[in-house]
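Quick one: the structure is below, and I'll ask about it shortly.
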Amino acid sequence: MGEKRIRVGVVGASGYGGMDLIRLLSLHPHVELTYVAGNHEESADIPEVYPFLPAAAGLRLEKYDPERCRERCEMVFVALPSGASGAVAAELWRAGLRVVDLSGDLRLPPDVYERWYQKPAADPGAIEAAVYGLTEWARAELRDARLVANPGCYPTGALLALLPAVRAGLAKRGHPVVIDAKSGVSGAGRHAAVDRLYGELQENFYPYKVGRHQHVPEIAGQLDVPAEGGLLFTAQLLPAVRGIYSTCYVWLRDGVSEADVRGVYAEAYADEPFIALAPPGRVPELKHVRGSNRCHIGLFVDQAAGVLQVFSVIDNLVKGAAGQAVQNFNVMYGFGETEGLTVQPLYP
Amino acid sequence: MGEKRIRVGVVGASGYGGMDLIRLLSLHPHVELTYVAGNHEESADIPEVYPFLPAAAGLRLEKYDPERCRERCEMVFVALPSGASGAVAAELWRAGLRVVDLSGDLRLPPDVYERWYQKPAADPGAIEAAVYGLTEWARAELRDARLVANPGCYPTGALLALLPAVRAGLAKRGHPVVIDAKSGVSGAGRHAAVDRLYGELQENFYPYKVGRHQHVPEIAGQLDVPAEGGLLFTAQLLPAVRGIYSTCYVWLRDGVSEADVRGVYAEAYADEPFIALAPPGRVPELKHVRGSNRCHIGLFVDQAAGVLQVFSVIDNLVKGAAGQAVQNFNVMYGFGETEGLTVQPLYP
Amino acid sequence: MGEKRIRVGVVGASGYGGMDLIRLLSLHPHVELTYVAGNHEESADIPEVYPFLPAAAGLRLEKYDPERCRERCEMVFVALPSGASGAVAAELWRAGLRVVDLSGDLRLPPDVYERWYQKPAADPGAIEAAVYGLTEWARAELRDARLVANPGCYPTGALLALLPAVRAGLAKRGHPVVIDAKSGVSGAGRHAAVDRLYGELQENFYPYKVGRHQHVPEIAGQLDVPAEGGLLFTAQLLPAVRGIYSTCYVWLRDGVSEADVRGVYAEAYADEPFIALAPPGRVPELKHVRGSNRCHIGLFVDQAAGVLQVFSVIDNLVKGAAGQAVQNFNVMYGFGETEGLTVQPLYP
Amino acid sequence: MGEKRIRVGVVGASGYGGMDLIRLLSLHPHVELTYVAGNHEESADIPEVYPFLPAAAGLRLEKYDPERCRERCEMVFVALPSGASGAVAAELWRAGLRVVDLSGDLRLPPDVYERWYQKPAADPGAIEAAVYGLTEWARAELRDARLVANPGCYPTGALLALLPAVRAGLAKRGHPVVIDAKSGVSGAGRHAAVDRLYGELQENFYPYKVGRHQHVPEIAGQLDVPAEGGLLFTAQLLPAVRGIYSTCYVWLRDGVSEADVRGVYAEAYADEPFIALAPPGRVPELKHVRGSNRCHIGLFVDQAAGVLQVFSVIDNLVKGAAGQAVQNFNVMYGFGETEGLTVQPLYP
């Protein structure tokens, strides 16, 4: 029947985000995966290097070569570490390809980036051009986007939890939101480090980068509050591999009831294929979305304190990275938004 | 193009095997899931009870009612506990439906069953009629089968590892094979028990049912050796949820070389879509197949001892239960064997 | 030099708290463990039932018999489930023994108890007489106490984190404190339940009893704020066995600096053998205290938001239960406070 | 009463073995810990670097300086990586100190070492002089030993399981023993490596160094069988931090009964403070010994196959390393063998 297939490349396939891109893209009905680059010594068949990616049989993992990438692809996902990713994405974009960049390099204005990342910012023109791809809140811009800055994992979990309340004006202005977030350790990437060893993290839990996490300005920008003083964001490491649990506390304007809150969220997410609201009194669980592109949200109002608690859960590597990137790709090319993303959560 | 869809039911959806059947069947292109029974108080939408099964939206979880099951289905998967499952499967089969039973009830001759399970055997006619569904070794019988006894999880891992060597006559006759098997705890099912609590199993490991595990006669029967003295099988609990690692030791006939062994396995599994042999010197890893229907196998020969070590790995709930059941369904109905089973392993 | 030994009993040895009491007491230099009651069929040598308690060899696990308990002991730890524990503790106390009760039954005024526990309150005279045993803040009353209500695990972690700031008047009056707490699953006890199975909790995380956790009024009472509106407490389950991580957010009075905060905490805990303050910029880790009676605390001030973040970590079964109970025993009898509690954390 | 205290040093305190030495020695009644060397940038108070070692307050972690070590200590534990440890141990021993070396460098004849470790052997005179310190089987030589080669973790678990049967002549001569061993990942040490990350090992399991593990000749030597052909040893990684589970299969001489076997083991370990035999029909569990110096052993005889299964469990960092080293120290100095080793297992 003639399915249209886009020639797609992945640059940065040796990290967890890149691996999950291959997992999803190798079964996508509208994708022909034509180029995969990662830091492997020599070109090798992917399932030989990564036996957990059997559907990529026949595909080779190569060293990144911009020319070869441009020749083989019309669209590219770039999933390199921050500091390297933005430059590669910008270069491919300027060469005429459509690009989704999964790093933090194109998400912030250059000056803000440099203050929080402590690195030189990427190509300002690319930063300017990039669409911030929180899919559910950015479809209009995504349709024609040629360069997309895929949101960070923490911002995705926090913003899907908070935007309905904030954009509808339910939150008390001027009072900082509290986002107490917990992430599986895959968010820290796949490079050798003593503090990421199994022996160190099993049965452990702790916050990191308190008061200086680079996702603070990204979240603040989308919520339209100052990065300093506008929110309290705590990133914490769970003894788990996948998933982000965001426990958010929002001070409500006087007179806002639980029914008001539920109405706003129900409307905001009425037709979303990947978002589910838990029934009253129930909470989302981290493992309910594992491996999938879903986001589950729970709502509780403490009337005496005048505070809304929002609980949200995503898989940091899927909805928080590779899955949302594919969802953005679907919007960019006019495919059905769930194409290539029907994989169900893995439970138990 | 008109995809043919079979009206399929699942009986026993409240256990882990049944849940994984729904995960797979709800996306199978040739399945219309028309009936799902589990022990839930009242009929309820599946994603409300199991939020990790969003693709089953619109399907209801009901109490088992044989009549309703027969009306709505032409084919049924039965995944009830041993002792209950065989009777239900036999009843549906006698009523004319095609049935795959995932329990141990139809896998052994009645007398052997009663000795090892310490329970009354099921309908002897059904036991007699049931095809033992280790797919890769039973395709011919499966094609016309109306009743299939889906293999146990441990037997699947052990037999896929051992059958090539044994059937090709590489093993020394009369010397017991050693199968040192390790299973994730989902194999023990989803019922409340103190010794299955998180606090008891995390950081723990131990064997159980030493010398009396009910899978011994099932493996022995397929290997054509006596259940007593013909093999040493040790079932052990891993602090993990999914997966079975089988470490097998096979005494070789004199003069059998590693090259002989590799040749036999390469031929046996040459065209198998779900089986991969690790390159020389490499071992399969448990997590490389998690969530998928795959089996990875590694081979080592200790020349000085004259012993072949075979390492095999499967996901106990997929290739060891629900996935193999779907694979058998595909063979029974002449569908492509990977239909509904393309889900990739979840790594990390 | 003649070590004085107290004849001590443990009632409720089949739960995790009771087991940890035996672990600690069986090596305590001033304890003669003379009576151990738990729900085991028949009297049995403890290491036979619990092979992980070898130091209890020679001690028998018996069914609880009040008379035998009174005969053999001068002091008893009662660690039964809430609803049962308080009555046993009260009875032994009225019979003249000194008692530490580890349940929630004696910690709250009867009316508050009944509202939050949804159970009839215990003997009001015993509740009235019981000293709330948060050791570091209750030594004076503990010395002559004959009945001690050992604090809950969550309250211990939260109160050790918050009391210095609150009692020193650093917190803004009227603004609710946020306590986002995460607990290992041993806190849920050792009884069979599907939602405590390994398969359900591994790689999982979620809150429970949102807005209605029974520890809310206990914490509120000690902080001297209303249980409703005075604090936001979220109890959440970690995929770990031991430990509670409390992430607390305290709105500061205007003009309070980080130096003020550090000064107050340094003074409050200057001579505490079990409490350590992390150096500026460092956070406590859950695993740093595992198995020990210690509490580690980290302090961060967000000047722009005017908020103090306090991170505290304890082992819920030790400082949050059995260890603090032994510490209270030491104070009650005038022993050195670290006697029997020198066990170091188990890391990794 | 004047307790004798030995001035003791630890060289190699930055690894897991060295950390556990400090955990144990800092509370040992006959030890004055006077010197601790590890690879930390500058001298630092130990609990500041390792907050989980509070009892080491006041002790500094220094760069290794042989002269300072000799000045401050009469006895030293050396726990450096293989290849480095033996030389330091030999040097200190030649300088007149008593030394326990925890590495593999002094356990094997130089030629055997070089073949299996692929490294140059250490000082042959030191290797010659070193007593192999499997405490329960070496007390006579340990009493006057000035240099002890502490056994490897796998050999400790396997030999405690096998020596009674082998030395009593119950095993069939010439038939290789099978040792299917599973280890927690702390055995791989505390250095950065991608394949030791939490994300890689959680929910994973696999063998490594099949047929070429350096512990093979160590075990073979003690069992008095050839390293090649005399045994089949498989080292496998568990998704757990601490512990080694050894599942051993021993072909019995004709006519040996289960009663014979139990009699031999009961006699061999009758008075051992750290070894416990499980009652008939029961198996040891990994977590039953965690954190302690204990070894639990279970025995099963498969009469039809003529095979004895021995299950043994130890904590690899304690009985398999630091604990056994302290036990050897106690024997060397004539202290009670359980001094400093009374710490109970941590369960759950």
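By letter and in written order, the chains are A, B, C and D; residue numbering begins at 1 in each of them.
In this text, contacts are C-beta pairs under 8 Å (C-beta built on N, C-alpha and C of every residue); 3 or more make two chains touch, one makes a residue touch a chain.
Everything numeric here is computed off the predicted structure, so don't read it as measured data.
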{"item": "Chain at maximum distance from chain C, centres defined as averaged CA atoms", "value": "B"}
{"item": "Between chain B and chain A, distance of the C-alpha-averaged centres to the nearest whole Å", "value": "36"}
{"item": "Averaged-CA centre spacing for the pair chain D and chain B, given as whole angstrom", "value": "39"}
{"item": "Separation of chain B from chain C, taking each centre as the mean of its C-alpha atoms, in whole Å", "value": "45"}
{"item": "Residues of chain D engaged with two or more neighbouring chains", "value": "16, 186, 190, 199-200, 202-203, 239-242, 284-285, 287, 290, 348"}
{"item": "Contact graph of the chains (line, ring, star, complete, other)", "value": "complete"}
{"item": "Interface residues, chain D side, partner chain A - complex", "value": "16, 185-186, 190-194, 196-203, 239-241"}
{"item": "Complex contact set, residues of chain A against chain B", "value": "1, 16, 19, 23, 26-27, 47-48, 50-55, 186, 190, 202-203, 241-242, 276, 278-279, 284-285, 287-292, 294, 296, 342-348"}
{"item": "Parts of chain B lying in touch with chain D, wherever the complex brings them together", "value": "176, 178, 180, 182, 184, 199-200, 202-208, 210-211, 226, 228-232, 234, 236, 238-243, 245, 247, 249, 283-287, 290, 300, 302, 304-307, 309, 311, 313, 348"}
